[in-house]
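Okay, here's the structure, questions in a sec.
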Amino acid sequence: MKTIKTYVVALISALLVLSPVAYADKWSDQFPHIKATGDIPGDCSYDAMSKKNYKGKTLKINTHAVPVMGEPTALHAEQFAKLTGAKVDVTHTPAGDLYAKAMVPFQAGQAPYDIVFGFSNFINDWKRYLEPVPKKYVEMKQMQDVTPSHIGIASWDGVMYQFPVDGDRHYLKYRKDVIDNPEYQKKYKADTGKELRVPQTWKEYGEMAAYFNGWDWDGDGEKEYGSAEVMKKDDLMYAAFYSRSAAYSKNPKTPGGFFFDLKTMKPLINNPGFVEALTDWVAATKYVPPGGINFGLGDEIGSFGGGQTLFSFSWDDAFVAAMQPDSPINNKVGAAQLPGAMKVWNRSTNSWDEGFNQAPFFVWGWAVGVAKKSKEKEMAFDYLCFFANEANHQADIGIGRFGVNPFRNDDFKADVWTQIGWDKDIAQSYVDTLAQMEDSKNRVFPLRVPGTFEFNAALATAAAKALAGQLSPQAALDEAAKQWEDILNRVGKDNVRAAYSVGVAMEDNKL
Amino acid sequence: MNLIGENITYKPDDQFHLNDVSFNFKKGNLYTILGRTLSGKTTFLKTIAGLLNPDSGNLSFEDNDFIKIPVWERNVAMVYQQFINYPHLNVYENIIFPLKQRKISEDQIKKDVEESLKTVGLVGFENRKIQELSGGQQQRVALARSLAKKAKILLLDEPLVNLDYKLREQLREEFKRIFTQGLSEDTILIYSTTDPQEVMELNGEVIVLDEGKVLQKGPAKEIFENPRTLKVAEISNDPPMNILKGTKSSEKLSFENILINSPSHFKNLSDQSYNFGIRASEIKLDNQGEEFEIELAEISGSETLLHLKKGDSKVIALIEEVMNFKIHEKVKIKFNENKLYAFNKNEELVSSPYGVYNG
Amino acid sequence: MEYTMAKIELSNISHTYNPNDNNPTYALNPFSMTWENGKRYAILGPSGCGKTTMLNIVSGLVRPSKGNILFDENDVTDLITEERNIAQVFQFPVIYNTMTVYDNLAFPLRCRNFTTQKIEERVKSVSDTLRLSSFLNSPARKLTADQKQLISLGRGLVREDVAGVLMDEPLTVIDPDLKFRLRRNLKEINEQYKTTLVYVTHDQNEAMTFADNIIVMDQGQIVQVGLPKELFEKPRTTFVGYFIGSPAMNLFNSEIFSDNSIKFNNDTIKTKTDLSKIKDKNVKLGIRSEFIKIATDQKENIVRVKVTRVEDFGNFKLITGKAGDLEIKSKVEREIPISTEELKLHLPAEKCCIYSNEMLVN
Amino acid sequence: MNFKHKYVFLFPGLFVLIGILIFPIIFTIRLSLSGWNSYTPEMNFIGITNYIRLFTDDPRFWESFFRLSFLSVTTVVLQYIIGFALALIVWREIKFKRFFRVIFLIPMMTTPVIMTVIWRTFFHESLGPVNDLLGNLGVEPILWLSDPVIAKFTVIIVEVWQWTPFMFLLLLAGLLSLPKEPFLAAAIDGASSIRKFVYVTFPLMAPISIGAIIIRLIEASKIMDTVFVLTSGGPGTATETSSFYIYIKGLREFQMGYAATLSFTYLVIMIISLTIIAKVLTKLMIKE
């Protein structure tokens, strides 16, 4: 009997799997968002949600402003409301206020929102106020596809506090039409004696950016520039700095911390590796567009996505935006891992280790959790699960402005991207880049310790001063390091160490 | 049952506004407070009204300690220098305003208002807006409101001072009529002024106030005829009494190169120096008289005030007529020696044409 | 010192705020007048009588609807204030707060680019007259109100070319004690500088004390121009009789009895007025209470009255009596004892004014 | 009367005063003595630790304060000069007076944050119209927002644009309330327009001017949204002001206790310096 039953289930399942068109018709008619794929069966599919009844209940969500993450939140809220009968209130908050907006009521013991959006590095401060993701969801098929690094980012010491909805990393974007252009390759070789290729190191990146800075190399009548980066203080600039520093400072030979030496808790950010990165960066101010020193992420996306620069590096958003059909540089961009360096600082020997080194930076990204004090936890998790279901996820990752980026193994398949109009080789280079980062054993994870904000803000302020020419790179980083010491003393070294060790364990491939 | 003040002193910032003031005011009487600007008149009235608390002294009314009774329970009405009315209300509403807060029947209110309007001569003006009234009429409305209130103590603080002279003339006459006819036997009326003519015309009991101190008390006529000190003589006359330093010797009075016969009422005075006082109205133009130079001829009402100078002495002569004089013109004048006053070195009255007052 | 003062002529001036109406209402009825060089004029009247309009016409702030203004035969009707060589003193003292007294007085000359030496000379002269010499270096704002008002005046006087100094109730804000000083100053200045001074006020005391010539106005009309004594003794209209003097003139309704006498209650009063040409028999007799005395040995012009009130004003006594329906007031010396209930009062013929239709019969 | 009565009347006012004014200040002081932050969210008592940190180890606050002084004084002075000039123009009997008044008031009616966003777009170095226009004239792009010196002046430009109308309105109201006589007197004295301004208009306007300047200084010292939107305090810390810095410490880094310390210290400094400024202005403009 049991066998028969299994067969029947298998048969029905097969029928379901084999007849997506029928399903797609039913749900994608109602919800054009998933027109490309239709509903994809799963625990939190449209079909599954339509069977829930949350009539008379209200779900309150605090999310980011429209569009980045704010737009998909609202869109999925509307869909969720239609399917379940729930009432969903979505509040939009600027990025800078997301932390405080949740934290203030948290600390006061209130939960005005059932669901709070934020960034994954809030986890250390927020985790005590968040409900761990229930086992039911953690074990769901949908979740099993999430890459281990993103499971790690959403968890703390093995407990998942944030529901994965986004995957974030920094990588290099370049103008394929320039770098792969034989004429420019010839010209570049003639002028500099070097190869024009996807930059392997930050030095190459800088040379090419400087070479292609300030002239009209795409023939559109406007000047183009070398690189677009986030240099605006208190925006996300410290993430850009860590990206530029990783290759110089993340030495696989010296485990036990990138930001601090886990043993002594001495800040490392003013060691020669970081100083070298900052020196590169100060030089970069010469090949960014006018005003580039004040670019936030939005400016960076607009600048590179608008065809203004040769290079850019940071989150996926800029790449996805550049690849959208309406983009002026659609299918003219390439993706690659962040450049490396020909030397890396060894803090044990106190000297440079020569040789090529590369280290991807798994910068934090969007994260979302359910408040412990929420009275609608089940509905809240259902919503998040629905938000990230296969159909929604696939539709979302193709829309640059949504800010939803790959974090599932399935996402790393080229046809996911060719389906939405990408050139095959671009799609391939993109998924390869992402996959390589997942496979790398020399990675940097974001700082997730008590006082993260203060550490990052201190570093950003110091780096900004260096970029603005107010301080030399060494002096700026010395100042930051001193502030880090102060913060450590205020927060307590042991507290920071305890938290930092969780991240270091990931970096050292022990989790 | 009287309004009695004992040793009232009010001394904010160490400056006397009232200095040891005592009085005993009886019902049905009119009291005038005469004093120059800043002499403490307003402070005096405010203390009675309860708007100020004295630093020391007692105030009682109908055998109650008045100081313990807050202003709104004192049953006092006050009319101020400024014509204080409620500008958004008409005449009728202005007058019934204080009555509304009391539990009085509509009919009674109507009667009271009519009566007070009749008293102040504003019948027919009930529906006028305050802005449509002249200054004199506005002040009458203020008075009518005080009257309608039927307060047991009615205070008037220089009520005519802000009116122009024709209106002042009219209203002064009317006030007098009101005070003699329109007031109940229960009321104490206290009127403050700087103008000696008003004091004389109202003819009540007078308190002369200067720098917060009571200089003299008594009926108006008495104050006028026998000012006990030189200061009172100045305050109680308009223009102020002329004071001339001089000496008496052997039945002659001499001052500033002028020699006149000593009047009979001076016969008991010893020969020595005095401050002689003479009213401006007792100096007459006379071709036989002494020559003085005119500093200015002021015309006030129907009078001409001659400001005269001879050497260091300055006198004012009052001529009951309008006359034209030029500055620096020379005129001859004569003093009516029978109306001379003599004050000793302490500025106390030692001889008066009316016999020294010894009250 | 040379002065180029001007005679001010107002010729057929009238002013209305609605000139296009068929029946314009006049703020100022048509009149002509000449202000002589160096005299003092007061424009006196109750508020709203048109006196400020008249002043503004002279200063150039208001252009008259009709007529011309001439300064020394020159028509200035169309000139603005600045071009008229007029100085004006306002109700509130206007001084330049940031300047010293000296700089205040020098200001009009500096604006006209006079030499330092000339300025010094003129300021010295004026400040001597105004008794401001000892304050020349003090900040003007620290002076008393009357001194400030003198500065305003002084700024007019330093200019030798001023046709006249116009003053609009300049003593309103001055302390009573200081008013006396300022009045004297004004008179002295006039005598020394021979500047034409025009003074607007509603206060008859001020006008009479200040001016040689008083222009009494009522409802846009000039009712009388004359010396204070004339206004007092021979008011041209019953309004002037009422307005000038305190108490107001006694006015009685009477009938013409003969060519020079009238019937007053039951008595006959002789006058010095020729009454033969008056058609309306109903006239008014006006006489000042100052001129009515208790009869002693007079035979004529005696009126018997019943004394209703005797008021002691200190300087004088005011007797109010009734002769039939007529109330009569007499100002007498304080010392005269009034014992009887009936009095005989004497009305001197030369002081009796006869008014027909409220106008004095000459 | 018994004067104890009057205190009864004072109670409601006192109560409101304590509620709306005193209580928040006391709370701020208490908070400033605590270490409240994201990892120890509690009102613990740590004495004057925060104050020691501020006075010995926070040059950034003091830099931001001096920067703020420079920005606010400069903007207010410019606002005053321009506002006064505009008010004088409109005050005169000119044609289309009403029209100009409305025109001058437009910036005040806009939403500051939105306008700042528009200004940021305007001044965008490579994409904004200002540099585009200048480029057409052959001028190299000016680094409006990314040069540490120029950025300060960009902030000043935006602030001046936004708030001059307010100054204009205050000063115009002042001008309209002036008595006519002093101007007439000056005209009679033969004063030129410049003399009239120096000796009549300006002295008469002094009290109003001081009021307007102080009001604007208080407002300008809170300058925050313009900086926030326009430059986020950058480049580097070149345009960071006190309030923006306090905002960063409090709501970005969540150091509530320390931010309270900054706030309270800032409040004290502002009260002292504004009092001094008011005194000095009074001395300079109204000679006593």
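Letters A, B, C and D mark the chains in the order given here, with residues in each chain numbered from 1 onward.
Everything that follows uses one rule, which is that a residue touches a chain if its C-beta (ideal position, glycine included) is under 8 Å from a C-beta of that chain, and two chains touch if they have at least 3 such contacts.
Keep in mind that this is a model prediction, so the values were computed, not measured.
Counted as hops between touching chains, the shortest connection from chain A to chain D is 1. Overall, the chain located most centrally, as judged by its C-alpha mean against the mean of all protein C-alpha atoms, is D.
A count of C-beta contacts for the chain pairs C-D and B-C puts B-C on top.
Per-chain CA centroids place chain A at a distance of 93 Å from chain B. Chain C and chain D have Cα centroids lying 56 Å from one another.
Taking the mean of the C-alpha atoms as each chain's centre, chain A and chain C sit 94 Å apart.
Centre to centre, using the average C-alpha position, chain B and chain C are separated by 28 Å.
Listed for chain C are no residues, as none touches two or more other chains.
Within chain B, not a single residue touches two or more of the remaining chains. Not a single residue in chain D touches at least two other chains. Chain C makes touch with chain D in their complex at residues 59, 61, 81-82, 86-88, 90-92, 94, 96-99, 107-108, 111-112, 139, 141, 152, 155-156. Listed in rising order, the residues of chain D touching chain A in the complex are 35, 37-39, 41, 53, 57, 60, 124-127, 131, 141, 143-146, 148, 151, 231-238, 248, 251-255.
Residue ranges on chain C touching chain B, taken from their complex, read 180, 183-184, 187-188, 191, 202-205, 208-209, 227-229, 231-233, 242-243, 245-248, 288-290, 311-316, 331, 334. If you check the complex, the residues on chain B that touch chain C are 164-166, 169, 196-197, 200-201, 203, 220-221, 224, 237-238, 279-281, 295-303, 307, 318, 320-324, 327.
By the touch criterion given at the top, residues 96-97, 99-100, 103, 107, 124-125, 225, 231-235, 289-294, 296, 302-303, 306, 308, 450-451, 453-454, 457, 461, 464-470, 486, 490-491, 495 of chain A touch chain D in their complex.
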